[in-house]
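Next up, some structures in structure tokens.
Heads up, the next two complexes both have subunit A, just with different partners, subunit B and then subunit C.
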Partner chain A sequence: MKIILHGVYPRSEKLVQATRDYDRKRITQEELNQVFKEDINALRELQKNFEYKTQGQFYFQDLLRPFSEITEEVEINGLKRFYETNCFYRTLIFKNFKLKENENFFNHYLLCDGMFEKEEKLVFTFPFVFFFKEYSRGIRVPEIKELLLYVISEIDKWGNKIIVFYEPSFGWRNLDEDERKEAKLFAEELKKFKNTKFFLHTFFFDVEKEIPFIFSLDFDGYGFDFYSNSVQKIMQNFPKNKFLLAGIINTDSTLIEKREMIVDFIDKISKFIDTDKIYLCPSGVPELLPREIMDEKIKNLNKIGGL
Partner chain B sequence: MKLLTHEIGSLAKPSWRVKPFRNIKLTDNDIENAKRWGEFLEIDERNELFEILSKRENFTKEEKEKILHFSSLYAVRMLEKAGIDLVYDGEQHRVEMYEYPVRRIRGFEFKGHVRSFDNKYYRKASLTSEPELREFYHDKEFERINSFAKKPVKIPVTGAYTIVDWSYDEYFLKDIKPGEGNIREKRKSARREFLLEIARNVIYPVLKSLYEKGARYLQIDEPAATTKRDEIDLFILTMKESISDLKGKVFFGTHICFSDYFLLFPAIEELEGILNEIHFEYANRDTREMGVNSEKRKGYEILEKFKNNKFVVGLGVLDVHTDFIEPPELIRDRILYALDIIQDPQRIYVAPDCGLRTRTWDIAFKKLKNMVEGKYLAEKEAGL
Partner chain C sequence: MEKIIFKVIPPPVDWEKEKIRNFSKKIIKILENNEIKFLNLPEVVDESSRKEKRTVPYREKIDNIKFYSVLNKKFEFKPIINKICVRIKKKDFEEWILRIYKKGIRHLVLVGGESSKIKYPGYSVIESAKFIKKNFPDIKLGGITIFTRYKEPYRILEKMKSGIEFFVSQIIFETSNMKQVLLHLWRLVKLEQMKFPDIYVSLAPAKRIKDIEFMKWLGVEFPTAVHFYITENERKVESRTFEVIERMLDEIFDFMRKERLKLGFNVEHVMYSNLELSEKIIKEIRRRL
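Now for the complex of A and B:
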């Protein structure tokens, strides 16, 4: 079974302490960078047999913030609860939306200042349009699309990438018809990028009512949180030839998944889809768990999934 | 009829209180700070503290206990000097509001840090076995504060819903299988069990013990109350079970902040007669302009929801996230606006938005002093 990691990966206890020490001027930028590198390397090692790897997006303050560096006149505003969690995002306020070239976005945030090569098989995670809209102001959906497409067009040139779009808004709020149309248009526009696979990952909520709409968006694959949704409801109309991101690593619990539970899940799901179309993955946001626990869960799944 | 004022939980811990417990040597500045506030607050026994602090490092267990006693005394005197009616010591005895109680409940294990935002992290625990109260963890604190406070004491207690929401659950959720039918219902049922267990066997005994020791004002802190929209019913249930037969014996308030309060209504009205006061943060969302109309008092929109019930409105009038010192006239207008809606001055208790622990004592004192002055101005204006 294939495993894939997405989103921002949790920082180690050592890195948590180092960022604190840096903020309190107890260590230098160089010393902090060294700890970042150790964290990134450890995550690379954890994924050594994975087809696509994440670099952990450790430099992302949250999934939206780096986008403030490729647009003009953005204010980083107050805290807003990240959906129904005890984590918070800073709302981005766009004063006058205009794209701004900044290589730092790609070199630092995506390639970790030379630690990764453009040619590597990598996974990047970005917010989908409704999620982006939820944590920003002064920017319309067509502009969010423009911003995302600018980034994607650059990444697509590198080749061999998976882009996972996070979208927790499904099942969380009612989306109006105009928003749905925009989302559909965006999914259509993604088809022109031939070197990148695009997955749409939903989580936290029961998305049963949104399934027809989700499947109407022409992505290469779809991700679901199987701690909020049943296999039967998700899979009965799962489109043929699409990939499934099966959210089976519970990011809401420190309990390490039991072998028989995972085997049972794979048995159930493989009645609906070929196993080579499945990527096992975290059910939601990895950084909702402490690093040590998340690492243990991945090692455990790797052991079981490798059977 | 006069308006009543109180604080909301935390204050910063003085450096001379923190460093000895972390085995860090005290500096001249730390000692100077203790002296300056000791004199300003007219702490009678302050020379005893100065003598202990002059050692600067390697404090004994008994000396650390004395330092803790003094930081508690200083905090209470600071609130009294500002003119606050119900006082507390600003959590001088506690690490913070989550870790402190959780470390005193058997069954929880700390698992590591989780990001709250930016580079800010909090330590998160998981319930791994049946929860059981280890000790009545606020009794000593109450008895100490009550022994020297010149005003009635109000003790904040972290509520069951917040403890559960900020924790992982390996115990009640252990049999959940991914992708199974009705998984959300099963998770909610496990959640209900977890909440009831904490409410009945941890929070209720803690509240009861405080009552038996003489506490008559208790504040149940529930900042997580509105985190999950489909769990408002569980929050209400938890509150009922936590207070249980103590209703009417103690003045119970709840403090909820930085949330969408509209989600609580009308469900929270079920707590009428159980819960006396509901305190929200308002000033953080308000303008800083004077005036008593809805345009100037944008942050106080939710007050309309208190028109048709009998709750005391805990009215946040100080923004705790800024060093801006609210002038008394601004506080006056915030109170007058609330009075105009609520009509009954007995139903308004004036307070900061939340705990002031992120502010220095100098800033916190100025803010609180102005709050009391603003209250007097409002009373005068309203002819109370």
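Now for the complex of A and C:
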């Protein structure tokens, strides 16, 4: 069974400390970079038998912040709770939305300053439009789309990529008709990119009521948090020929998943979809867990999932 | 249950009379302007056993009972006297209780020691509560709750069983732990067929990074992101602290609505120079009530 990691991966204690030391001017940029490299390499090693790898998005302060570097006049202010978690996001305040070319976004944030090749099979995670809207101000949905499409058009030239869009707003709040239209239009626009697969990942909440709408958005795959949703309800109408991001690594708990539970889950889900269309993955945001726990969970799943 | 109580640190013993008078006037004005009936008066001691070095030097404070008497001459209010019961000998504690009872004090917050590793001469919080309830049943007893403490719902329940009826929390800068503890406690008291206790959530302002560092030394927990946000820029500490408090109030009021729980607030100034800022928090709470 294939495994895929998405989102920002938790930083090691060493990297957290190094970042603090750097902020307090106790170590140099070079020394900090060295620790970043160690974290990235360790994660690469952890995924050595995965088809698509994540670089961990370690340079992302959060999933929105790097976007401030490809737009003019953005202020980073405010502190907003990340949905119903213990994490916080800074709000991006767009004064006058205008795209700005900045190679650093791609080289530094996505390719980790040369540690990854453009041609590699990589997974990148970005916020979907409502998530983006939730943690920004002064930017309209069409502009968010423009911003995302700008990044995607560059990535698509590289080929061999999966882009996972995070959207916890499903099940969290009611989306109005205009918002739904915008989401549909965006999904349509993504179809023009032929070298990239696009997955929409929902998590944290029960999305049962939104399933028909989610499936009406023409993505290559859909992701679900199976700790907040039942297999039966999600899978009974799961569209044919689409991929499933099966959120089975519980990011709400430090307990390592039991073998029987994983085997039972795979057994249940395989009744609805071909196993080659399934990617086992974290149920929600990996960075909510400590690094060593997340590593352990992946090793465990890798051991059991490779049934 | 009172909706807001106000916690004031008694002034240092070396303040001049005029300075104490001015400070007292300010307190009375806040109580009057905001219709606050209860003043929470802590017993401040030099907590020298803490591992970290004090970020603000210790200055001996006027005894809280004495300060209550000073204030009460000018304005009528109900005092909530905090007593660190473990520090004084049992006999002295018993005499002290009798003395304050005769003064008409009927609200007490029993405070434990700084560390479980230290051997104290006096009654524990539970023992003190039992003693008081047996001998002075009309005294209303309060305790301290720290939402980040291990097994806190069980600790609260144990204190409730000894006669403690209300709890004042440690200052908070994050609501997650509070919500978890209170929901767990709600289940526990239901199982025990007890009444949910009165809980006062403590909030405090800050003007400088120094204030935040002092609160940290006192044991207040700040999530990393919140701490970084508040202390990022010295000039923005005041506004960002208030912004965080406003967000917490949004979350607390949402929580109360959703869970149908009634909570009160204990507003503290912590630093003498932040008295006016604490009134701003009181007004913000009032606005939402």
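Rule of thumb we're sticking to: the second predicted complex is superposed on the first by the 307 of 307 C-alpha atoms of A that agree within 3 Å, B and C clash if a C-alpha of one lies under 4 Å from a C-alpha of the other, contacts with A are read in each partner's own complex, and residues count from 1 in each chain.
The working rule: a residue touches a chain if its C-beta (ideal position, glycine included) is under 8 Å from a C-beta of that chain, and two chains touch if they have at least 3 such contacts.
Note that the structure is a prediction, hence the values are computed from the model and not measured.
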Combined model on subunit A: subunit C and subunit B, fit or clash: clash
Touched partner set for A:120, first subunit B, second subunit C, both or neither: neither
Partner chain(s) touched by A:79 [first = subunit B, second = subunit C, both, neither]: both
Which superposed partner A:11 touches (first subunit B, second subunit C, both, neither): first
First (subunit B), second (subunit C), both or neither touched by A:290: first
Per-residue touch tally on subunit A - higher for subunit B or for subunit C: B
Touched partner set for A:38, first subunit B, second subunit C, both or neither: neither
Partner chain(s) touched by A:230 [first = subunit B, second = subunit C, both, neither]: first
First (subunit B), second (subunit C), both or neither touched by A:87: both
Touching both subunit C and subunit B, counted on subunit A across the two superposed complexes: 79, 81, 86-88, 90
For the subunit B and subunit A complex, residues of the former touching the latter: 111-119, 121-122, 124, 126, 165-166, 168-170, 173-174, 176-184, 187, 224, 227-229, 258-259
Touching residues on subunit A, where the partner in the complex is subunit C: 78-81, 86-88, 90
Touching residues on subunit A, where the partner in the complex is subunit B: 10-11, 13, 16, 19-20, 23, 61-62, 79, 81, 84-90, 206, 226-232, 234, 247-248, 250, 252-255, 257, 261, 264-265, 268-269, 283, 287-293
In the complex with subunit A, residue positions of subunit C that touch it: 174, 176, 223, 225-226, 229, 240, 243-244, 247, 251
